[in-house]
Every structure is written in C-alpha cells, then in structure tokens.
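One structure follows; several queries about it will come next.
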C-alpha cells in the first residue's frame, strides 16, 4: 500500500507515493530524487542525513515520511541563495572544512538551523549544534571555525 | 594553527615552485559543499534489487542444515544465493600479489568461524523485504569450541580456527610460523646492560567508522559486461578480486568509484562487490549490497588488536643497547591483510632509534573473531604505542628526560637500521627540537645542537657486521616457486650483501615472477598481468 | 580527589608506501584541442585529497595554471592501474606516476611549440600562466592553447603522456628480516598536555604541540587537514574507541554511534602544528606523505601524559575512565614498578 506524500522541498511543491512506514531519507533520495541527502547509519546516530523540517533539524533516517506531509523540508540542494553559495558553503570552502565530504550536507544543515535561529552564536553554541553530526576526517576544528566565520560574515553583510 | 618551518633543511630544497606548495582549494570542494559529489550510492536505478546476508550467530560452529524454502517464497524475494552458487568460493585478498593461500569463503558452507560470518544472501526488491526473508531462514548449527585470545590460540591443543592454517598462524617462507628480525646479539647485550625492562602492551581492535559504510551497486551492462559503482579504496584490487571470485575475465567488469565517504583502510577488503556482481548476474537486474551501520561496526573488518612484549636493555648514560620485541597480530578467522601487517611491523622494529642489538618475532594469529584488516598506520600504530610507552618507562627508570632520551637514541643519516638498510633523510631529532621549543619543553644545549645529519654512520653503521648471515654463493640456483609463498619473497642470490658493503636503503631489483600457479587458482592479476611471463 | 595535569611526548617515523609485493601506480595525461589537460587515474579520493594533490603536481610539471588541469578518477575503463589508496602511498607513488606522465606530455607540447616558433625545444620555457616563450625573450611566445590547436590540427601530434612509478617488491629474509621496506620515511614529535580526574577517571586532552616532517608539502592546507584530523583520530584511539571493549572477550560490542565512542566537537583541543620539509630523493618534488603517521604519536603521548599526571601506566587501549580508576586503585597496593636488575 503506497501513501501519498506532499512536501514543500526547498521552496518547490513535490508529491510522491511511498511505502507505508518509509523514512524521509529514502523518500527524499529514491522517490523524490534529491541525492544531496546522504545516509550514514539509518538508525539516527550519526547526523549525516540531517535536513530541516519547518526550519528545525531532523534526522531524516528516523523521521517517518508521512509525518512530514504538508511540511516544508530543506536540504543542501536548496541552500544556495540564487546563483550564489550560502555563506556557510563559502566558509566551509575557505576553511577546508570538508575532506571526504560525506558528512558535509548534514553538517551544513545543522549549522543552518543554528544560524537561522541564532545569527551570533558562540563557539559553545556551534559545538552544541553539530555535536550530533559525526565527522571522521576533519577533527571538527575547521568545521567549527567555518560556522563561526560564516555567522560573522553574514552578520556583517546584513548589517 | 600550522606553521611551515622553511628554514630547516632549506639547503636540500629549491623553493621556487609555482603550483606545488600553494594552499590551492580542493578540486572536489564545490561538489562537497553542494552535496553533489557522487558517491557510489548516488547512482539511481529504477529496478534496483537489494542484497542482504545472513550472518552466523556463533563464533565457531558446524552448519548442520540450511532451510531457505520459506525465505525463497517470501514477498519480493528474487533469489537466494548460497556458497555453492559462488563460482570460486575461496579467496585471500593478497593472492593478487601471490602472498598467502586462499582461506576465506564468500559464503560459508560447512563451518562458520566468526560471529557474523556470511552464510547466505537474499536478493529482494527492497532492503526490508530482504531482511524479512532472512528471518524465515532456518539454520541448525553444532556449536564448536572457540578461541579468542592470541596466545591461547598458540597453545598446544588449541582449537583450530582456519583449516588452511591449522596451527592458527600464517606461514612465513614455508617454514616459520612468524617473521623474524635478527640484528646483533640481544642476549649478550642484556647481560651487559645496566638495566633491563620487559613490558606488555595491548592494542584494542578499532572500527574505521567511515561516515559512508561499505557498499556497491552492480549493474548489468550491454555486451555482457557489468558496471560496478563502488566505495572501494583500491579500484583494481576490488575489480580483480571480484573477477576471480566470479570466474570472469577482468575486462567484463567496469568499476567506477574514486569519490568515497572515508575509508581509513576499511574499504580495501572488497566486502560487497563480488556478491553484488554475482547477484546481478543471477537476476539480470542491478543489485545494491551495502552494509548497515551495525554490520560495518561489528562485521566489517576492524583494525586488528595486537599484543606486544618489549624487553629493553639500557645503560645508565641513556643508550639503549638491546631491544627484543614479540608481537601477536589478531587476524581474526581469516588472513585478509594481517599477514602483510606483520612484515611491515617487523620492518618498523625497533622504532626510529639506533640500537645495536635487536630481536623481533611477530606472529599473525587466527582467532574466532571478525577478520581484521588494514587501518591508518597499519602494522605500525600499535607498535608505536608500545615502543613510545616503553621509551618513557626507560627514561624515567634511568632518571633521564624522556625527550632527551629519545633524541640521544634517535637514528641519524648513515646509521644501520635493524632491517639492514642504511638510514638516510632522517628528521626525528629536528622534529623533537622544534616541538620542544614550541611547547617550552626544556632541552639542554647539547640536545638542541644535535642533528640528524651529523654524528651518524661510522661505528653506528657497522653494528651489523658481526651478525650478517652467510650470503648465498654467487650463481646459486633459485629455489623454485611453489606452494603458498611467493617466490619473490625468498632471497635471490643477486641480492645477497657482503658484510663489508651494507645495502643502501633503496628498492631492491624485482625478482622474476614465479613460474606458473602458486596456489591452485588461475592467475589473473592486472597487477602483474600475463605479459611478464 | 582532584584533577591532575600532565605532559607526555612521543617521537615516531613512518614508512611511505607498501613494502610488499611491488607497489606500482600509473597515470595518463592528455590535452584537449584547446590546451586544457586531463589526468586519468584509477586512484581513489577518500577525502585525503588525491584529486587535488595530483592536480597540483601535474600543473607544476606541465608548467600550466592549475585551472587548466582536471583530474578524472576512478574509472577502470579509462584510468590505468593503481594499487589503491592505502599505506600512505598516494602522494608519493601516484604523484610520481602523474609527474612522469606530465613530463612526457610536456615534452610533446614543447616540441609542438618549437615547431610553431621555429626554434629549438630546448630554448623554450613555460611561464606557468598558459604561455610558452623563448628563454630570455618573453615576447617570442605562443599560448598553450595555440600549441594544442597546432599539434592537433596541423602537426598531427598528441600532447599526452604515460607514467608509471614502481617501487619493486621487497625481499624479506626469513632468518634476519633483512628487507627494503620503504624508500623514505616521514617523522613526527608530539607533546600532549592532559588533565586527569582521579575521582571519575576522565582524561581531558588540553593541548597538542606537534612537529611533523613529511618531505615537500605539496599543499599545506591539505597537509593541515590530514594532521588535524589524524591527531584527532589518534586521541580517539587512545581514549575512546573499540568495537570490543572487553577484548579478548568478544561480547558487549557497540552497534551504533551511541555505543561506539569518539571525541565530539566539544572534546577537541588546540593544536599547534609545525611542518618541516626534508625532501625525499625519490618523492615528487621531494614529497613523502602525511596521511597515516599523523595519528600514531598521539596514542603513546597521551598515555605518557597520563603517567606524568597521576603516576600510573596504562598499557592497554583504549584508556577508558574504568581503566584509569582501576590503575589508580591498583597502585595503592602494588610495589614500585621499577625492575632494575
């Protein structure tokens, strides 16, 4: 039995049918075709699949897709601001905050959720925001530095 | 955070390069920050099938019977694969370089030798359907006694883990159960040493934990080929291994990878590709086999545990005069790459120090646990842990500063190393000096003045003279290649060195390849190819 | 009950590349008709930066801007053989193969340019900005683009090159272990400051100070990525990680990241890094490789720092709070550890 699911994905309306009980990660990747969302553990412990549901970070692999029907979902595919990269993306590049790149989409979305609600985070705020996201390559320091830098630069631009 | 000290060794470099040395942005960074870098699983196929394996719940057991009838009838199941379906159901990874005997099945048939060993695969329309079908398989086992401790495994009467190596140790040179290192005379040196210390160290197993788990997708292509999207960190290693297990010519396989979500050594073993290809062959459909996080953590190969004993003879003036190392690599139930790590470990003894008398015995031991494999620092990480803890204990015991103790014993250009090659291009002393200065670790002037480029060689280069083995007579016939060990692993007469002219630390010439098959399987390797013989 | 600070050190070296079986890698380099170059490999980028390091080596060797080189990997139909991305062999082995291929391609490029400029190829040099000119006469120049067009459409030349780098297999003597395990070694010294809580057994790493010598640093930012991430992994190995917490007892294994512990972003510490470059005679531009060795000194340096802080030796990894507390308790009863003879 398939269930109809309608999402506002990165500002566009999308609709699909999914198996009952399907998780948001599989629906985004394999039904909708947004392959920018990565899966790392499928059990809610690594943060790799972090997306924003109505602005709040959610682990897509343990989120029932049906429960998001009618909600807004943001993934890294919608992070750009028009033709420009999001300041977080630019900062991740400048700080060499990605190596294998596999955790990067989830890390960026966790960071976006933080900056959307707190444009001037402290280092502790950043650590809290990404402590559910596993990175095996970088040792985290460049990621923390990138997020703090993005916040500073974005604040300056908005000012 | 990072400072380049261009002033050190400046006379050995030209710093006039244009692109090299610049902090250029990564070629792949835009893909990474936009989520568009394509990993193996980012290739989408409408009619994709999913493969899951049934794993043994026992660390050691005989399989009495397998009943998969109900699973075969379960919804969504397209195919069940058993060991008998695997064309070449016995392999060892390093057979690609003719090192070791085939000892590991893709799917166990009669006996399981570790908890988690794959026995049967289900190919179904979804991962969930495959998992549900696995629940319906009934297997009855006769549990067997198991051995988990490396030293227990070597005791007389110990449970035999792997029938290819019944004594629970890998064979070295067809005559030893370990690899030896002999340099000088440690026992004589211990007798003269002011102090002797012996200690035991235990490295834990470690999981690579890449954020992307091992996996692959095999897709039947036109013209009878298969395209394989893979997370491997060794493309042709995996291609050739898959070709061998599937008894296919290697040019029937087209492997695509290269963008991988972390590896750290855990993606060399080709855990998924052979079965994914076999399933794609048997079903005619694209098949994905990806490890769950639980599988990756417990049944994907870990960094193997190592137990290391070190005995040092030290003089009160700070010189280490003898070091004896005995180490056991826990290979788990099968060889994979541990046999190689042992050799790398032997080469690393006694660490970056010039010690005139060194003795090493390193074992690759089979136990009833998940087979171990390579991980960052393979063969060296655990030994460095043991050696550097031992160095600290030595220093404290003789009342010397631990860093000065290391600088005093550090190897220098021109010194003879225990594996009988002359050290060159050394920089341990300089690293110690620079780190000490930055961390305000007080080094006395004489240690601050020492250099890797001065004071080496001479007497320190001759330490080996009294102990070099008799070289083979010139023109002596080579031992013919046969059985388990690669011929190249033996010592050709051309490479024999006289004590008076120690070998430089340069690659030795390639020995001719062995004549014919070394262990009963077809030679197929793209590494050496058939052209060379 | 108190917190105790301590400091430990370790010095290590590390062999570059595989020491067994022969260790080859190949590369192909070719230009398109407008002078942009592609490097074809089968080597893997696992995050270590294979694509980027080989790109810089290729651009340097060809004498063209980095933007004019793209590295394509890994496709077994187009990329020639490589042993794989392991054993710290990427920069050294693959880098050398790319350098050889780029040198061959450069040779053709310079011949084609010489034919267009009607000079001897030996009199030409690249400016690294996309142009080739007569030495000492920069105005007598031709762009790489025009050279590629001329080579393809007028001269019938392929601006391409093949490269292989092979460290032949190492013999190992069964009796003595005599062998040639590697052609060059990287080096490191790491000093670690820790704090140990003698009530909880918790170990906090406060600071790392390290010097690494890794031959030529092809890209200092990629080197930094390896060193920072690698020492984090070393700290993780020392204090947190294992799939078998009661090894050799195989039970109680973690199944997910809630049970398999690693230091999170709140557990990291400042790390002062100094890089030394003593070029390797056979490395590409003298490079060795930073990938593996950077994790190794942290394990013993942390163990030694814990001894320095609280006077107990923990010779079994990982050094969990449980092991620290057990060692502290055992010390109360045991005799001094010195075994002077």
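So that you can tell them apart, the chains are marked A, B and C in the order they are listed, and the count of residues begins at 1 in each.
Criterion: contacts are C-beta pairs under 8 Å (C-beta built on N, C-alpha and C of every residue); 3 or more make two chains touch, one makes a residue touch a chain.
Because the structure is a prediction, the values reported are computed rather than measured.
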Assign the assembly's chain-to-chain touch graph to one of these shapes: line, ring, star, complete, other.
complete
Looking at A-C and A-B, which one has the bigger number of contacting C-beta pairs?
A-B
How many angstrom between the C-alpha centroids of chain C and chain B?
17
For chain A and chain C, what's the span in angstrom between their mean Cα positions?
30
Determine the centre-to-centre distance between chain A and chain B, using the mean Cα coordinates as centres, and give it in whole Å.
36
Multi-chain contact sites of chain A, meaning residues that touch two or more partners
41, 43, 45-46, 96, 98-102, 134, 136-137, 141
Going by residue number, chain B touches two or more other chains at 1, 25-26, 28, 209-210, 259-262, 264, 293-294
The positions of chain C in contact with two or more other chains are 46-47, 49, 221-222, 224, 228, 230, 233, 256-257, 262, 271
For the chain C and chain A complex, residues of the former touching the latter:
46-49, 221-222, 224-225, 228-233, 256-258, 262, 264-266, 268, 271
Using the touch definition from the top, list the residues of chain A that touch chain B in their complex.
19, 30, 33, 35-43, 45-46, 48, 75-77, 79-80, 85, 89, 92-93, 96, 98-105, 108, 134-137, 141
Note: in the complex, chain A contacts chain C through residues 41, 43, 45-46, 96, 98-102, 124, 126-128, 130-131, 134, 136-144
Under the stated contact criterion, what part of chain B meets chain A in this complex?
1, 25-26, 28-39, 41-42, 44, 126, 128, 208-213, 259-262, 264, 292-294
